[in-house]
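Each of the next two complexes has chain A plus one more chain, namely chain B in the first and chain C in the second.
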Partner chain A sequence: MGQEAPVGVKEGADSGGSSVSRFVSVVVPLLLLASLAALPLASPSPNIIRLLFVTLTLVTASVGWNLIGGFAGQISFGFAVFYGLGAYTTALSINGGVPPLIAFLLGAIVAAVASLLIGLPTFRLKGPYFAIATIGVSEAVRVVMMNVPFTGGASGYRIIDKTRFVQSHHYYTALVLAVLAVGISILVRRSKLGLALIAIREDQDAASDLGVNPFVAKLLVHALAAALAGAAGGVYARYALFIDPDGVFAFRNGVAILLMPIIGGVGTIWGPVIGAFVYGLIHEEVVANFPQAHLLIFGSLLILIILFEPGGVVGLFKKFMRSLRARSSVGSHS
Partner chain B sequence: MAPILKLKNLTRYFAGLAAVKDVSFDIEPGGLVGLIGPNGAGKTTLLSLIAGSLKPTSGKIEFEGENLAGAKSFRAVRAGIARTHQIPKPFRTMTVHENVEVGLRFGRHEKAAGTAKKAEEFLEMVGIAKLAQRPAFLLSVGDLKRLELARALAARPTLLLCDEICSGLTETESGLILRLLCDIRGAGTTILYVEHNLRAIMSVCDPVIVMNYGEKLAEGTPAAVQNDPSVIEAYIGKKATI
Partner chain C sequence: MSAADFLNLFIAAVLLAGVYAAMSVGMTIIYGVMKIVNLAHAGFLMLGAYFVFEAYDRFKIDPLLGVLLAFPVFFFIGMGVHWLLVRRIATSDQPTLTSLLLLFGVWLVLQNLGYLIWGNSDRAILTPRTLSSVEIGPISFPTIRLAVFIVAVASLVGLEFILHKTWFGRSVRALMQNKEAGQIVGVNVNRTAQIAFGVGIAFAGAAGGLLAMLYSFNPDFGASFQLRAFVIIVLGGLESFGGVAVGSLILALAETFVILILPASYQPAIAFSLLVVALIVLPEGIAGLWAKRRRWA
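Moving on to the complex of A and B:
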């Protein structure tokens, strides 16, 4: 029964739907990018810039998570570790007199190194065990950071940035980083590594039987993903000027980083971006209006998506395009 | 000529059960070797040991002079051993073409194999070229079996391990696959062919190896093996003596 319909769809796709999907996947992102780049010129309220800044750092983390969670299918709840390590490394570096760009890079490197330390033992595990291990690691790192004296432990760490504060500079940094993340995601998906990752997601043993080294492929992409999350944490820390373990290392951050790609469409290029915008723009409103129930709301949303549309927003959009095409091809035949 | 594959006392236990026990044999280059045996004889386990999908408990696997015992399957592939699976393991969301592309890009190095064939050519060989752009989850069992073969061939093996590639296929379809195996062998690839169906194997394989209860029972030409009393006993049973 399920075999009949998609075949007809494929025929429809060849007969003219591709120009529409090309428009959606090339022109729409460029328009969005142009308007985001032009936005500060219209001098909107600082709060809007702040909200978009935070959303853009979330885009970077979400796109990063999707490399390992979406492409390679290794679900991690532990990305708060990389986000937090990036934030702390950047904070310590800036206070030590390192220029911001180098400080972000250091944050990315420290996160990538941490990802290798986590990946070496946990990527030997298969299935849900990797996911469970990441929960443990995430909590362990948070507790350790609560007790590390030279970063102030649980009372947090203050950043003394000697450069003049210009909000739009922070905004553009986050925008450039988000674009870089999407660029990396596109390159990875089209590369040999990307092919290996999808193969691993679909059937790790079969991938290995065709010459793919799953362990190395997962380690590599995990490091890349962690570096992006770390850089996002660093950019956030320089803006926030104060970070603490319960803020950046919180388990809820790890869940949020995983929730965004799921909302948008896991394993796709644009899903994590869409998901981060949805989450980033509504999340504060939800927390402000339902301070006791916001976790319940996001939890329910997660369940609804997994039950009814595992493809997220991108999946919904594809379904919509298919039904349009099916309708138009019926029209052209009659 | 030196054997391409030498197995020495290969053994694999699952808990207390010996699935493969003390199996030793050689495979000459260019052969199409049949491996038969009743259900549970250890054929697939033996194949998985050679392919690196499973680790042997003890014993040696010497492939082209290199000891591969305990090596992971991706290493075996790069050394020149590729396998198909009895139950197809396609990359479901990938297209048929992309599935073959994985074997092509991660298999044995082009220079070592001396061919630069494209994914389409392998799909053409097994007869599913027109399905190239279809996602693998839409394929029928027969086409999935062909995809298994195309993917393994794309890894450019010198030794191809085929696990019951004809099960679930119609008579005509298996006839085509068997002819294809003969062509592949003709082109210089050695084949170890595990099969449940005796008729299929007796018609194409030269040396045939028989396994039962994890051990090698007999080895020889199809005719000799067919008349071996221990083989008859394993398949049909002992004559009752009252």
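Moving on to the complex of A and C:
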């Protein structure tokens, strides 16, 4: 009855039995985190910090998307809405004199509330309604934001941040938020909610027969995902100091937030992080070198991943490890 | 508002509904047979627009003739896309994530191929017909809208004929009603799916050509119409051809008459608002409403 062949890896990334996979899933992230945390001390060029800052906000949004898209299997094309609402809420709050941390929180809350507007009418139904509605909401919100007067409409909105600009503060904010997002992702994956979401992804009817309420579970995790994307948008807005509807609400942002977990490995803990780093670090180069064709390249990549390696980078890595192990066990027998 | 104004708006809405129906019917066929939401629909609408434009611009082929040519051309393009990509993914009785993402990828590729080939400037198809108008007493409407409406309705009648009088049409309807039962009585599912995909894309391409005669277009052209097509098929209950007609009329009326109460710049948000209302009030679409009536009776 249910959906066949869902995208993604069936077992979680934390099911590593061997010492190698435990090393990969614990030590490597910690080493990466330590080097990211220490990086500003080495005083690299501001452009590298900026690139990593943007990448870290993308990690947050990507990990957020994976909660609903990867764990629960509900594809959303409209995460630009949450990102943009978070950005605008933070911008308005900072200009209203709210401290930045509270402003990010408000951004997250507004995004979470907005997620209910999409979730309430669509999550009750099975079928493609949610995915369709997310395409519509993206366009509708952008149109409305182009026309509302109090944020300057299409001409954008400027943030007047009275605190002194220190680039590394922004960088650490983004880093802490990204770590928080990954932490939430791990907690959700290990909780009863995470199991319920995966059950819904595999077979919604069977899940509800076993006492899972798909409507509530999807609504809850969608709000959580939206809050993360909203906070990411807020952190970005405070750094950018200027936002406009065509920038933050653009459909291509929603596309980017969807591409990253798929590149990395949808439905896993580390896939969305890897995907965000791959996308974040290369997409400016790709855009600079192929201004007309960069979405052509990412679109082709999406098709190739779906057809040949739905597990993304993580899936490829697992295949590689499996073939290594197979080869070494053959070696020991001979 | 005078009666003549009202009548003018109403006729404009009906003429628009004809194009909307031609634009949405391809999506319904593909959904009905394969349970795939064709997110690449927008890309083929856009390609259809440029096909008719190039045919007119280079070979002086009348755009209306160009639309007729688009049917066979896009039929084979659709069959090709099915053979190359779509047949490789598993289908189910619900749209799978894989199919959504695959066709979304196809849309991205088509859209950006469009940017690569034609750049991002707006084009329009201007013929002597574009600026002339038909006047009947106080009612007047552009000739081009009437011509587009006639072609759209004629193609829908043609489709209706194919669906009811040919073996392919019977297979399509059988698979839409019950896939397993269709297989038992000997319908070749893969073959029918491939042809149905071709027909769906043929209608997307031709409808793109029709829309290009009414609006200016660029490679991003299809996106807002794809959303409208979604709304229409959701209103129609996803796999009902009669529902598509009614859904088109509702959306066209809503979009036409809403300018009386809201500024025109909000118009693109109408389709989405209607979608949300439809999902809350009529989750099974208008066809579901009919089915309910029948059950009560």
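Before moving on, here are some points about what is shown:
Here is the rule we use: the second predicted complex is superposed on the first by the 317 of 334 C-alpha atoms of A that agree within 3 Å, B and C clash if a C-alpha of one lies under 4 Å from a C-alpha of the other, contacts with A are read in each partner's own complex, and residues count from 1 in each chain.
Throughout what follows, a residue touches a chain if its C-beta (ideal position, glycine included) is under 8 Å from a C-beta of that chain, and two chains touch if they have at least 3 such contacts.
Computed from a predicted model, the values in this text were never measured in an experiment.
Using the contact criterion defined above for the overlaid structures, shared-chain residue A:20 touches neither chain B nor chain C, since it reaches no partner. By the touch criterion stated above, A:140 is placed in contact with chain C alone, chain B being left untouched. When both complexes are overlaid on chain A, the residue A:102 reaches neither chain B nor chain C.
When the shared chain is aligned, chain C comes close enough to touch A:251, but chain B does not.
Look at A:300: by the touch rule set out above, it reaches chain C but stays clear of chain B. In the superposed three-chain model, the partner touching more residues of chain A is C, compared with the other of chain B and chain C. In the superposed model, A:31 lies in contact with neither chain B nor chain C. Chain A residues 3, 6-7 lie at the interface with chain B in one structure and with chain C in the other.
In the complex of the two chains, the chain B residues touching chain A come out as 51, 53, 72-74, 77-78, 82-83, 85, 89-94, 98, 101-103, 105-108, 133-135, 138, 151-152, 154-155.
Across the interface of their complex, chain C is touched by residues 1-7, 73, 75, 77, 117, 121-122, 124-129, 131-133, 135-137, 139-140, 143-144, 146-147, 251, 255, 262, 292-296, 298-300, 302-303, 306-307, 310 of chain A. Within the complex formed with chain B, the chain A residues making contact are 3, 6-7, 10, 192, 195-196, 198-199, 202-203, 205-214. Chain C meets chain A in the complex at residues 37, 39, 85, 88-98, 100-102, 104-109, 111-113, 115-116, 223-224, 226-227, 230-231, 234, 238, 263, 265-266, 268-269, 271-273, 275-276, 279-280, 283.
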